[in-house]
Amino acid sequence: MLGYILRRIGMMIPTLIVISMISFIIIQLPPGDYLTSYAATLRATGDAVDEAELASLRERYGLGEPIYVQYYKWMSGILLRGDWGQSMEWRKPVKELIWERMALTVFLSLISILVSWFVAIPVGVFSATHQYSIPDYLFSALSFIGAGTPGFMLAMVVMWVAMRQFGLNVGGLFSEEYILEPWSWAKVVDMLKHLWIPVVVIAFESTAGSIRTTRANVLDELNKPYVETARAKGLRERNLVWKYPVRVAMNPFFSTVGWTLAGLISGQTLIAVVLSLQTNGPMMLRALRSQDMYLAGSFLFLLSVLTVIGTLVSDVLLAWVDPRIRMEG
Amino acid sequence: MAENGAERPLLLEVKGLKKYFPIRKGFFSTRTVGYVKAVDGVSFFIREGETLGLVGESGCGKTTTGRLILRAYEPTGGEIWFNDRKMGRVNVTNLDRQQLKQLRQNMQMIFQDPYSSLNPRMTLLQIVGEPLLVNGVARGGDLQDRVAELLRVVGLRPEYMTRYPHAFSGGQRQRIGVARALALNPQLVVCDEPVSALDVSIQAQTLNLLQDLQAEFGLTYLFVSHDLSVVEHISDRVAVMYVGKLVESARTQQLFLKPLHPYTEALLSAVPKPDPRRRTEPIVLQGDVADPANPPSGCYFHPRCRYAIERCSQEEPQLRELGEEHFVSCHRADELSLQGVASAAMAV
Amino acid sequence: MNDNRELLVEVKDLKTYFFLDEGTVKAVDGADFNIRRGETLGVVGESGCGKSVTARSILNIVPKPGKTVAGEILYHRKIKGAEQTLDLTQMAPQGDEMRGIRGAEIAMVFQEPMTSLSPVHTIGNQIGEAIRLHQGLDPDTARDLAIKTLSLVGMPLPERTIDQYAHQLSGGMRQRAMIAMALSCHPSLLIADEPTTALDVTTEAQILTLMRRLQDELGMAIMYITHNLGVVAQMTERVVVMYMGKVVEQADVDTIFYDAQHPYTRALLQSIPRLGQKTHDRHRLASIKGMVPDPYALPKGCAFHPRCGAVKPGLCDQVEPTMVEIAPGHKVRCHLCANRA
Amino acid sequence: MKQGRKLTRREFIQISALTATGAVLAACGQPTATPAPATKAPEATKAPEATKAPEATKAPEATKAPEPTAVPEPVSKFKEAPMLEELVKAGTLPPVDERLPMNPYIVEVAESIGKYGGNWRRAFNGVSDRWGPTKLNDRTLAWFDKDLVMKPKLLESWDVSPDATTWTFHLRKGVKFSDGVPLTSEHFKWFFEYQVKNTELTTTPPQSHATRGADGKWTICEMEFPDDYTVVFKFAQPKPMLFYEGGGTRSINGWLTPGHYMAQWHMDLVDDKAALEAKVKEAGFDSWVQYFNDHRNRFDLNPDRPQITPWLLKGSLAEERFVMERNPYYYATDPEGNQVPYIDTVTHRLFENAEMLNMWIINGEIDYQARHITAGNYTLYKENEENGDYRVLVGVNAGHESLQLNLSTKNPLLNEFFNTRDVRIAISHAVNRDEINELCFNGLYTPRQYSPLPMSPNYYPKLSEAYIEYDPDKANALLDAAGYDKKGADGIRLYKDGSGPISFMVEGTAEAGTPEEDSVQLVCKYLEAVGIKATYKYFERALYSEHYSANEIEAAYWGGDRTVLPLVPGAIIFRGVQPDRPWCPGFGFYYNNPEDANAVKPPDGHFIYKIWDIWDNQVAVEPDQARQNKLFEGILDIWAEELPMIGLLGEKPSPTIAKNGFMNVLDGYPNDDTTGDEQFLQSESFFWDDPESHTA
């Protein structure tokens, strides 16, 4: 298995090189560059455009150079110095920007995934074992609504209700006064007060899908002969359901865990934008819109890298949880 | 018919047929580490109008052999000579795409699973008529007439033509499969476990149907099955396969009454006889069927064979003819006296 | 042929129905038979005749939307010498007592050894589970016992097999593992639901030999469900023939094969090709005409009458026959035999 | 709600209008009482004693504190914020009198003398939105009073020679950077010597320090620094608009540099060049120039850089929350000698989308802001005034809804059509401005041509009211008479040669569903009614800019702003040299550089030559602001005659959120980039009525 992983990693390298080139070309595709977009924004807000500043920036970022030179600069920076380039908009190293937000992004994603699983799996299992019961119909209806409601819309509704009905401070993960504060107990409490909205919104959407998946998977497994075997052994129904069909039905979950890696960067972008969460999603969206070349490129590249790694992780995880795959060969 | 069978011309002659499937070692690798020798140098022939039974346990290569003859798989080696009605005697393994299309009009297949081998979104007319349409044999009103005729032949009512497969029971579906196979009036029909999935009572109906059709249209069958009783019942001659190799072939009665290969003997002995008064202890073979990816040395059967001598583990036996049309690959075939099934009067 | 072994299970007028949107399927519709201690009872019939549902009714694990609606299943239990008779149909399926019987006193082996074992748990885990559950042993002792049971069923290298997964074993070995699991708690009744149907003939021979040996050694009763008349002939002492949810004939195995009275039993026996019977070419098998009727719309009268060669119009298609004992231990449900009682 | 005198918008406009009329006589930025040939900036009310003799031209030592004897006033002269008093008591800060100049800048208060303390909450949307915080801070060499008259601010006064080639700045004495270092002419010199003249740092000469000759070449001025508080510019050509061009009212960055700090980042001035090189590399920059320009010298990115702004950076704009804190050395007081700003801290909070900002507003989490706040949500803001405990003030936006027909379009038939004066006038008459206003903008706008606002000294009713009445008959008559009287079967007019129909695409960045998009669709409908086919198409703004940059645009629907003080930004839209308001992008390129690939030479006799001539040879060389304004009317006359661009609606209300209790802010202020948007009334004068309840 180790050899396999090494081999897969080896195969990833050419893939990633091609991906990095494509990322770079994609961000260069739209007309203009960061500076035209920047100037246009300025004009749109009625601000003066300082041509000297633009000229200096153009030179600063080598925007006049041919694309392959820019690409070479970028890539060699990444490979030789771990330098992902500078964000034109944020005037900061890309690496710093992404890392700054990574902790929050990962934290939020994990919490949401956990909450979603924590809810979805029991509900899905219940629905499956009580197929066509009233709670099953209820959960099904709920999960269809969940799957059908755009997350950003839900976010706005929840925010509005939280604000108008409960007078809560909404947006972001902290009250304004805590944003720049160092971590403290009060800050944690403050965060928990804010955290529930994004977690509920993000989890609601993915929970809906997860309930459907769990229910369908468990239903598939419930009628398998091995479940009957277990039943014939005299096991308690609840125990056997969790030990056998649910365990097998969880395999698809494990196999998608790897995919959530990419979601760490891009996940729930719209919701994060609506809720003004300082995660990577909104930053990526913003970078793409403002044509912040290196930042956008790095995001695209990272996304691809994480997708590729995620696939590997998924495969390994799946093999780990499923002896049928693990043992083969 | 076995008696006068010898005068009939050969329809199919298979020589040294091989099919190796590469083994891509497991989930975590894509490199080929070996081959499953699913079919490994199989030779037999079928005369026109006769039924050759091909028996063996699962994984012995019998199904693969059936498919190789139709070139549903590309053979790894060997020759398949077929006496085509139009093209004459051709080597199936060398045919080009066009010729193959022609050939397939004369070679058809009936599958084991009557549920999955029929497209649920097609009506009977479409299913049975498809080969006619594709090969430009009939269309429009002609097509309907021909399909109606075929359905009648297999014992289904022509009015069913517009229905979908799900409206039929397992036995009826198998009849649909037979009708489709017969649509182009083939010379050879490869029957791949056609009755294994059917209930006892339906199995009998289907076997009778196949026999009736053979008599009516002069069909030739390659009858692939693991059920020795069924094979005995329907075949003129029988070939036994073990781990990709043909170990014995002979006229049916000869093979069942006087087998020459210890594996055949064990197989026959293992079949539970439907007669409580003849409770026999079967010859219980030790261990499992050999792994075709990693077969034993010498005779593949030797680790399980109770007659094995040292030579069996060293030297691979060749198929040889002992007695008229009785082929066997066993070093000790001439010295052993093996037990067949006793010919007893049927109870009731 | 009388048998004075004690009764173990009495199935009396068992009715297990499935309530579906399309209608009610009377999967088991009045099954009557007994199983004595240590005997082997064969239950024969074509798919859908209700033989598997009968087995599940005994274990009280009929899947939804099925339900035992009538009848009794009397289980004569011996606990420390004391006799106790329980009606299994009256027990809560999830109750402690029922679960205590299930897997411990009445165990079951299923048809498909591949899919009947969990793909993601080791053999040892699945065998040990039953042992721990019913015998309250600690995991280590349970494991030792599981290894012993595996060697009992002739599993080569049981110490290694116990940590393997189902897919690593051959079909025969899987079925041995299944049998080991069923036997691990020394049940008094083993229900074997087509245990060799999915196996090759040489493997089948191994398993059949094994089961015979185990019965000799352990003395449990076996209810052997199969559609293979050869297996019935070789394995069982008494046979119950079922058709459309009903027992149509029951007798000792010799009687069934040599003196069957029900037209269905006879037709069944005639429709199978038998080894060593190849005498003439183009020999036709006797087949049963028509098809198994639609379970939602059973024919009036005797369910077999549309396919019966000896049907008496006005009687068979109108009146449902009752079970008649025409000879000691030989019961038939047929109008034609009614006057022979 | 306690509040001082509230200047209504109407009043404000009236005042401004009066001022504008008066401006003909009394030029802005010039005291009426001093009709000297050389314009002289008004002196501050409290003139300092005779300037100290120029001690030496050499810069004061960075660490050297000003001589205490230089400020002989008693300690009680100024008052300061409590938070600073504490620092002074603690000994970490010099007393207020040492921190303030002898003659501080006196900030006008719109309502009343303020109270100290509190925090002011705003929102921003990222580093590229630095202009919000920047405008809040940047009012430097000079600023406008309420009547839009430019007054010296950091400067005590200035002189300009009659030919406008020599400018002399007189600095306030004792102004200090936020690190306590006195600001002197040396800082102007540093900027000139080490930045302007350094061709690495400055690739094109800044317009503030150079003049363009007839040959189109730029010549850098010469500078003299006779003493610590005097800075002299000597230009090769007249430079009457020095303040306008150099952003004189805005950032100090175009004038001076805190060289005592920045020297450490300047390659020519460091001893250990390798060390600087290493720092540059470590920070991820390719060259020291980039690091210097793009990072070290930016107030919003480098909190260490000494400032002279009212508030100082604490943290970075690249954070979710951007905090600024009062500058203890800020050189201004209110009329009673209280050092400003009143408010302790300003915080900007990052929002990712406009809806979030709206949530904050109606939840009362924004204290004073007009930036990013749109008229389209006016009703929403009004409805939630009570809930959010704020009031909606309304400023006057300098922008207009307007239709630009590309007079330099490459399509010859369309070019001829657009360049027909009567066609443009017909189109102007063809649109029903009142209806657009009512249907799309709740009637909040005012029908008018693109022209200076009424409060502007350049207000010119002749232009703003020209051809604005809805008269489709007249439009049809004009079009018929212009030779476009033939129509196709669909009722659309044909070109003169009979080809056609006359059809063009109007490009814009207004997305479907916005009031702006509704309005341009209405315009297209009106045009169709008079037989002209115009189709609106939304373009992503980068694509839009590609189109106008290549002069490939036929017509555009895009705002027209810079109408408060049009001369300050160089009247770029009036001159047609602002290509994103593309009424003649090709001509604009030609004006800037006749060799430009996309330049289109206007045909001989085109009115635009007249406009350029008036600008280049009259307005741009006239140092006297009153005369400048008068001369500019020549251009406005041409506009009123030719109507180069079809203005529709203007005087757009600019909703401004002001939390109740946030004082010294007024309705009706001009909202334009040139005048600092909602900071026109000078943010350092804003205060909280109850600062205790508005702490950060």
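Chains: A, B, C and D, in written order; residue numbering restarts at 1 for each.
Keep this in mind: contacts are C-beta pairs under 8 Å (C-beta built on N, C-alpha and C of every residue); 3 or more make two chains touch, one makes a residue touch a chain.
Model, not experiment: these values are computed from the prediction.
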Find me the chain with the mean Cα position closest to the mean of all the protein Cα atoms on display. A
A-C versus B-C: which has more C-beta pairs touching? B-C
I'd like the Å distance between the centres of chain C and chain D, where a centre is the mean of that chain's Cα atoms. 93
Geometric centre distance via CA averages, chain C-chain B, whole Å: 32
CA centroid of chain A to CA centroid of chain C, Å: 53
List, in ascending order, every residue of chain B touching at least 2 other chains. none
Given the complex, residues on chain A that touch chain D span 30-32, 36-48, 50, 52, 55-57, 59-60, 62, 83, 85-86, 89-93, 97, 156, 159-160, 163, 169-172, 176-177, 179-180, 272-278, 282, 286, 290-291
Spell out the residues on chain D that touch chain A in their complex, using ranges where they run on. 121, 126-129, 131, 202-204, 206, 247, 250, 283-286, 289-290, 293-295, 298, 301, 315, 318-321, 323, 347, 349-353, 355-356, 359-360, 363, 365, 371-372, 398-399, 509, 540-546, 559, 561, 569, 580, 672-674, 677, 696
Touching residues (chain side chain C, partner chain A) in the complex: 59, 61, 63, 94, 98-104, 107-108, 110-112, 115-121, 126, 129-130, 133-134, 165, 167-168, 178, 181
Looking at the complex, which residues from chain B come into contact with chain C? 1-2, 57-58, 169, 171-172, 199-205, 207-208, 211, 215, 226, 228-230, 232-234, 236, 252-253, 256-257, 266-279, 281-285, 288-289, 340-344, 346-348
Can you list the residues on chain A that touch chain C in the complex? 223-226, 228-237, 243-244, 247-248, 251, 321-324, 327-328
